[in-house]
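So, here come the structures, one by one.
Both complexes below contain subunit A, partnered by subunit B and then by subunit C.
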Partner chain A sequence: MKAADPKEIFQQEAQDLLVQLEQALLDLEHAPADGALIDTAFRALHTIKGSGSMFGFEAVAAFTHHVETAFDKVRQGAIAPNRELIMITLHARDHMRQLIENPEAADSSAGQAILAELQRIMEAGAAPVAATPAGPASYRVRIAFPRDVMATGTNPLLLLDELRGLGRATVAALTDDVPTLDVIDPTACHVGWEVMLSTAQPPTAIEDVFLFVRDEMTLEIEPIRDTTPETPLGEILSQRGDVTSQAVEAALHEQKRVGELLVEAGAVSPDKVNAALAEQQHLRRDGAPKPSANSSVRVPAERLGELMDQVGELVIAQSRLRQIATVSADQQVKSVAEEIERLVLELRDTTMSIRMVPIGALFGRFRRVVHDLSRDLGKEVALTMEGEETELDKTVIEQLNDPLVHLIRNAIDHGLEDPAGRAAAGKPQLGHIKLAARHAGMEVLISIQDDGRGMNRERIRARAEERGLLAKGAAVSDGELLQMIFQPGFSTAAQVTSLSGRGVGMDVVKRTIEGLRGAIDLQSTPGHGSEVTLRLPLTLAIIDGLLVRVGNGRYVLPLGAVEECVELSAQEDARSRGRSFLNIRGDLVPYLRLRELFACQTPADPYQKVVIVSSGDLKVGLVVDQVIGDHQTVIKSLSKLHADVEMLSGATILGDGAVALILDIPHLVEFGQVREENQRAAG
Partner chain B sequence: MAKTILTVDDSASMRQMIRMTLAGAGYEVTEAIDGTQGLATARGKAFDMVLTDLNMPGMDGVSMIKEIRKLSTYTGVPIVLLTTESDAEKKAQAKTAGATGWITKPFQPEQLLSVTKKVLGQ
Partner chain C sequence: MSQQGSKMSKRNDGAALEVLTLRLDGHLFALEAGHVREILDLGPVTEVPSAAPFVNGLINVRGKVVPLADLRLKFGMEKTSATIDTRVIVIEIDLAGDQTTIGLLADKVFEVTEIVPAEIEETPRIGMIWRQEYISCVGKRGDDFIIVLDIAAIFASALRDRKGDTRSKRNAA
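Coming up: the complex of A and B.
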C-alpha cells in the first residue's frame, strides 16, 4: 500500500471544512446570533489556515488569515455577521477552494478585491452588537388550558408546534384528567402538557407563544438546572415537587422500578411519572455524544469498487457451488455449501451497505445553488429538504449532482414566477422548492417540487410540433406530452437566460438517469407548480432476481419488480387471444408473450406461466415457459453493440457458466402499456 | 387553497390597509363595514379567520363575536380583535365572548401578518 500524500489528505480535509464553512455561513444568514455557528465557521477557517501553511499551501494560509481575523472579531461580538459580511465570506470561501484545488489558476487580484471588500465591511460594521446569548438552557414548561380553549379558536397543537420551533422539545401529555368515554365532551380540552424545552431564547419567548391565552391558562416555566442525564427518576420527581423525598426513599427499598412503585403506592399519578421520564430522556439526548468524525475511516473509492467486484465474482462462484452441491450426494459438501451461501449473502449486504451514503451531503450542496440563483434572478426562494438520511449507492449519488442542479435551476428559473408574477397570481412572494428523498421498495425516489406556474401544455405542444418532435395535432397522453421536454434540442423558454433555457440539459438529465437504470416521472398542475420525481435503483451492482426460462434462453427479472406469478390456463389464453389481457382479481393487466417478443422457435411448454411485474403504478404480465426460482445476480453491462436493445438492461453469469439476460422492466412495462393503448384506440 | 379572512371595521382606510397586507401575503380577504354586515357575511360562508374592530356603529364587535360564536360553523375558528390600549375593558368582554387573540392599534403590517400566521398555524 502506498503512503498517502499529506498534501492530498489536506486537500480532502479542506474540502470538508469548506463545506462546513459554507453551511455555517448559510445558516448564519437566518440565525445571526447563533454562537455555535460562528464558532464552526471560525474553527473551519482556523484549521484551513493552520494546515495550509504546514503542507505548502502558503497562498491559502495567507488569504485565510485575513478572513479568520474578521471572524475572530465576529466571535468576540465586535462585528455583527450581517448579510454583506456573509456574502463576502462566501466569495472568500470560493476563492479559498480555488487556491486549494488549483493554486496556479487562482486569480490573485480577485483575492485582493475580496480582502479589500472584507476590510471595508469590517470598518463599517465595527459597531458593537448585542452580546450573543449564552448557549441553550433547558426549561420545564407546564401547560394547562381552559376547557373551552378550542371553541374560542385557539388550537393547542399549533402552540405546541410553535414551542417546538423555539428549540429542541420533548412533549409529554398529561391525560389524568381525561374523563371516560361516556361522559367526555369532545370539544373541550382535557389534556395538559409538560414540555421539556432546550432553547437559546429567553423564557419571555416561551411566554409569548401563549400570548393570547396567557391570562386564562396555567403556565409554569422553570429552568431545569440540577438534573443531569444521570439523575435518577425519583430525584427528578422530588425536585419537581411531585413527591416527597421520603416517599422516594421508601420506594427505593423495594426492587421494582421507582416510577411504577410510586404510582402503585399512590404517591404520584402516572402522568407525573411519564412527564418526569420524558424529562430524563430529553436530558439524555441533550448529553448524548454526537457521532464523532473520528469513528470513520477514509477509503479510496476505487478500492471499494474492487471489493464490490470481488464480492460479485464470489456470488457467482457461490451459485456454481450451490448447483454442484444440489446434485451431490455428499452431505458434508451440502452443509459447507449452505454455510458459504449464508456468509456470502451477509458479506454482500455488508459490502453494499459500505457503499451506501446518506443523500444529505448531496442535498446540502444545493443550498448554495439556490441561494446564488435566487439572488441572480431576483426571486425569493426558500428551499426545504426532506429525507436527507435516505441512503443510496455512492456512485449513484455522485452522478446525481449535475441532473439535480439542472432540475433545481429549471424549477427556479422557469417554474417559479418573478415577484410581480407571484403577486398577480395571489401567491406569497416567497417561492418554495422542496427537495425530498425516500425509499420505495427497491427504489429510491428523489423529487424536486416547486410552487410555481406549472408547465404550459400549449407551449410544449407548439414547440414540439415546431421542432418536428410531434406530428401536428397528434393525440398524445398528458404524460407523453410532458415527457417531450426531455427530447434533445427542446426548449420553450421565451427568453434564453444564462442559467437555463438553452435546451441542452433536460435530455442529458434523462440520459444520465436512464444510465443509472432509473426513470423520471413528471407531474405539473398549471398555476400550482410542478414535481419531477427521479426513480433510482438502490444499487447498481447486484440485484435479487427471478430466473425464468423462455424457449431455450434463461432470463432474470429484478425481484423487486415482481408482483406475483400465475398460470396462464389454455382456456384463458384462448379467450383473450388477440387482446392479451389477463383478469387479475378484477384488474385488467395486459400481458406480453416473451416467446413472440424474442421470436422463439422451440415448441412452447404446455403450461405457460405469467409473471406480473410492476413499474411505478403500472403493471404488465410477462408470459414465460418456466419459472425457475430466485437468483442472486451480479449485473454485467452489455457491450456497446447491444446498448440500443431497450428491453434488456444487462447480463449475468449463471452457476453453470451460461449467460442469462436481465430484462429491463420499465421498458417492458412501457411497451406493454403502449400496446394496450393502441389496442384500445383500435377498439 | 388560500385561507379566507373576514375583516370587519367601520374605517375604510383601516380595511384598505388590512386588505393590502393580507391579500399581498396570499390570503383571500372579504370586508364588512360593521357588526351587522359582518355577522350576515359570516352566516353566509365559513371563513378561516375573522378580524374585527370593537367600536363600530350599529352592532359593535363584542355583540358580533357573541353571535358568531353561536354559529356551529364557527366553533374553533380564530377571531382576532383590533383594539387600542385604552380598550382594556372591552377587550376583556370580547375575550369572554369568544375572541381568540388581539392586535393592539396602532400596529405595523408585519404584526398583523405574524398574528394571522400564528392563529392560523402557518
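Coming up: the complex of A and C.
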C-alpha cells in the first residue's frame, strides 16, 4: 500500500470545499442576508487558500486570496452579496477548480479577468448596505381564525404552507378550543396554530400571508429573543405569557418534568406545552444545523470494489460449504458451516451498505446546472428536490450523473416554454423542474418532471417516419411512440441550440441506464409537461434469489420479485395452450411455460410448479419443473455476446461450480402480459 | 498486440508469429498466442436459451462467468459431443471496447509454435471453404497448411450479425 500523496489529499479536500462553496453561493442567491451561508462560503475560501499554500499550490492560494478578501467584506456587511457578485464568485470557483485539478491547463488571463470583474463589482457595491440583520430571525406566530373561516373559502392549511415557504417553520396546533363531540360544529374551524418561524424576511412578509383574512382573525407575531436551545421549557412558557413565572417556580420545586407538572397543575393546557416544546426543538435545530462530518474515512472506490468482489467470492465459497455440510453427518461441520453462513451474510450486508450513498450529493450538483441553464436560456426555473436521502449503490450514482444532466437540460431547453410561450399558455413565468428519488421494492425510481409544453406526438411521429424508424401511418402505442426519442440521432428540436437538440444523448442515456440493468419510463401530457422516470436496481452486486430448475438448466429469480409459489394442477396443465392464466384468489394471472420459452428437449417433471412474480403492478406466473430454494446470488454480468438475450439479466455461480442464469423479471412480465393481450384479442 | 488492421498485409512486419495450434473437424488451425490465457478441460456448460447457436454456452473459469464459443458452428461444421481430447482455450480479446474473456472449444490442442515470415502466405482468394474475413493468414508447415484465425474479426462479426441490434454496431464503429 503506498502512502497517500499530500497533494492528492489536498485536491480531494478542496473538491469538498468547492462543493460547499458552490452550494452556499447558490443558496445565498435566494437568501442574501443569511449570515451562516456567508460564513460557510468564507470559511471554504479561507481553508482552500490556507492549505493551498501549505501544499505548494501557490497559484490557487494567490487567486483565492482575492476572492476571500471580497467575501470578508461581505461578511463584515460592507457589501451586499448581490446576483452579480454571486455570479462572478461562481466563475471564480470554477477557475479555482481548474487551478487545483489541472494547474498546467489553467488560463491565467481568464483568472485575471475574473479578478478584475470582481474588483469592479466590489467598488460598485461598496456603498454600505441597509442595516439588515445578518442571519434569519425567529418569530412566534399565533394564529386564530374566526370560526366561519372555511365558509368564506379560506383554507388554513394553504396559508400555513405559504408560511412554511418563508423559512424553516415548526407548526404546533392548539386544540384547546375544540368543543366536545356533542356540541361540535364540523364546518367550523376550532383549531388555532402556533408557528415557530425562522426567516430572513421581515415580519410584514408574515402578515402579507394573511392579507385576505387579516381583519377577521387574530394574528400575533413576536420575535423570539433571548431563548437559546438551552432555555428551560418553563422559561419559554412564562415568556410567552402562557403561565406566570410563579407557577413555573412552584412547579420546579417538585422535581418532575416541568411541562407535565404544569399541565397537571392546570396552569397550562397540554397543547400549549407541546407548542412550547416544539419551539424548544425548533431552536435546538437552529443551534446545531448539521452533524459533524469528521467521523468518516475516505476510501478509494477501487478498494471498495475489490472488497465487494472478495465478499462475492466468499459467498460462493460459503454456498459450496453449505452444500457439503448438508450431506455431511458430522455435527461439528454443520454447526461451523451455519456460523460461517451467518457471518458471511452479515459481512455481505455491511459491505453493501458501505457502497450505498444518499443520492442527495448527486442532486446537489444539478442546482448549478439549472442555475446556469436558466441564465443562458433566459428562462426562470425553480428546481425542487425530493427524496435526497434515498440510498443507491455508489457505482450506480456515479454513472447517473451524465444521463441526469442530459435529461435536466432537455427538460429546461425543450420542455419548458420560453417566457413568452409560458405567458401565452397562461402559466406562471417561473418554470418548475422536480427531481425526485424513492425506493419501490427492489428498485429505485428517479424522476425528472417539468411543467412545460409536453412532448409533441405529431412531431415525434413525423420525425420517426422521416428517419424510417416507423412505417407511414403505422399503428403504434403511445408508449412506443414516445420511446422513439431514444433512437440514435433522433431529435425533434426545430432549432439546434448549443445545449441540446443534436440528437446525441437520448440514446446514450438509454444505453447507460440499460447498462445499469435499469429502464426508462416516459409520461407526457401536452401542455402540462413531461416526466421521465429512471428505474434502477437497488444493487449491482449480490441479491437474494430463488433457485429453480427448468429442464436441465438452473435459473435464479430475484427473491424480491417473487410473490408466491403454487402447483400447476393437472387439469390446469391439460387445458393450457389456448388460455394460459391462473386464478390466484380471484386475480387472473397469465403464465409462461419457461420450458417452451427455453425450448427444453428433456421430458417435463410430472408436477409443474408456478412461481408468481411481479414487476410494478403486473404479475405473471412462471412455470418451472422444480423450485430448489433460496440462493445467495452474486451477480455476474453477461458479456456483449449475450447482451441481446433480453430474458436474462445476468449469471451467477452455484455452490457446485456450475453457472446459473438470472432471469430478467420486468422483461418476462412484459412478455407475458403482451402475449396474454394478444391471445385475448385473438380469442 | 495488433488485433485490428487490414486482413492481408498485417503479418508482413518481419517478426515471427507465435501461435497455438489446434484441431477442428480434422483441419489444422491456429490462434495468435498473445490472445490465449489458459487451456482447460471441459467442465459443465450452461446453455443460454435463445442465444446465437455458436455462443450458446456459459462456463465457470476461476469464478468468472465466461461465454463458450463453438467455432465449428461458425465454420459450418457439424456439432459433435466432447471427446477425451476436447479442450477449452480461454482467450481475451477486445470486444466493442470491452476486454472480454471467451472460451473456445477445440477438438484437440497441440502446441505453441512459431511461424516465421517466410512461411506466411496471403490468404488465397479462392479455394478456401471458410470466409476470408475470419482468417488472419495462412502458414506453411511442411506440406501442410496452418490457418491462422482472426478471432477478433470472428467475434466482432458475431456482434454485428445479431438481429436488429443497433447498439453494438455503434460501439464497433
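As a working rule, the second predicted complex is superposed on the first by the 522 of 683 C-alpha atoms of A that agree within 3 Å, B and C clash if a C-alpha of one lies under 4 Å from a C-alpha of the other, contacts with A are read in each partner's own complex, and residues count from 1 in each chain.
Throughout what follows, contacts are C-beta pairs under 8 Å (C-beta built on N, C-alpha and C of every residue); 3 or more make two chains touch, one makes a residue touch a chain.
All values derive from a computational prediction rather than experimental measurement.
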Message: In the superposed model, which partner reaches more residues of subunit A, subunit B or subunit C?
response: C
Task: For A:Arg511, select first, second, both or neither according to whether it touches subunit B, subunit C, the two together, or no partner.
output: second
Task: Quick one: classify A:Leu597 as touching subunit B (first), subunit C (second), both or neither.
output: second
Query: Can A:Ala462 be said to touch subunit B (first), subunit C (second), both, or neither?
result: neither
Which superposed partner A:Leu661 touches (first subunit B, second subunit C, both, neither): second
- request: Identify the partner contact of A:Phe212: answer first if only subunit B is touched, second if only subunit C is, both if each is, neither if none is.
  value: first
- request: Once the structures are superposed on A, label A:Thr154 by its partner contacts, choosing first (subunit B), second (subunit C), both or neither.
  value: first
- prompt: Of the partners subunit B and subunit C, which touch A:Lys636 in the superposed model: first, second, both, neither?
  reply: second
Message: Per the contact definition, I'd like the list of subunit B residues that touch subunit A in the complex.
response: 2, 23-26, 28, 69, 75-79, 95, 98-102, 118-119, 121
- prompt: Mind pulling up the subunit C residues that touch subunit A in the complex?
  reply: 43-44, 46-52, 55, 58-60, 63-67, 69, 95-96, 98, 100-102, 155, 158-159, 162-163, 165-168, 170-171
- request: Within their complex, state which residues of subunit A touch subunit B.
  value: 150-155, 157-158, 161-162, 187, 211-212, 215-216, 423, 426-429
Task: Spell out the part of subunit A that touches subunit C in their complex, as residue ranges.
output: 313, 316, 487-488, 507, 511, 552-554, 597-599, 636, 638-645, 647-648, 651-653, 657-661
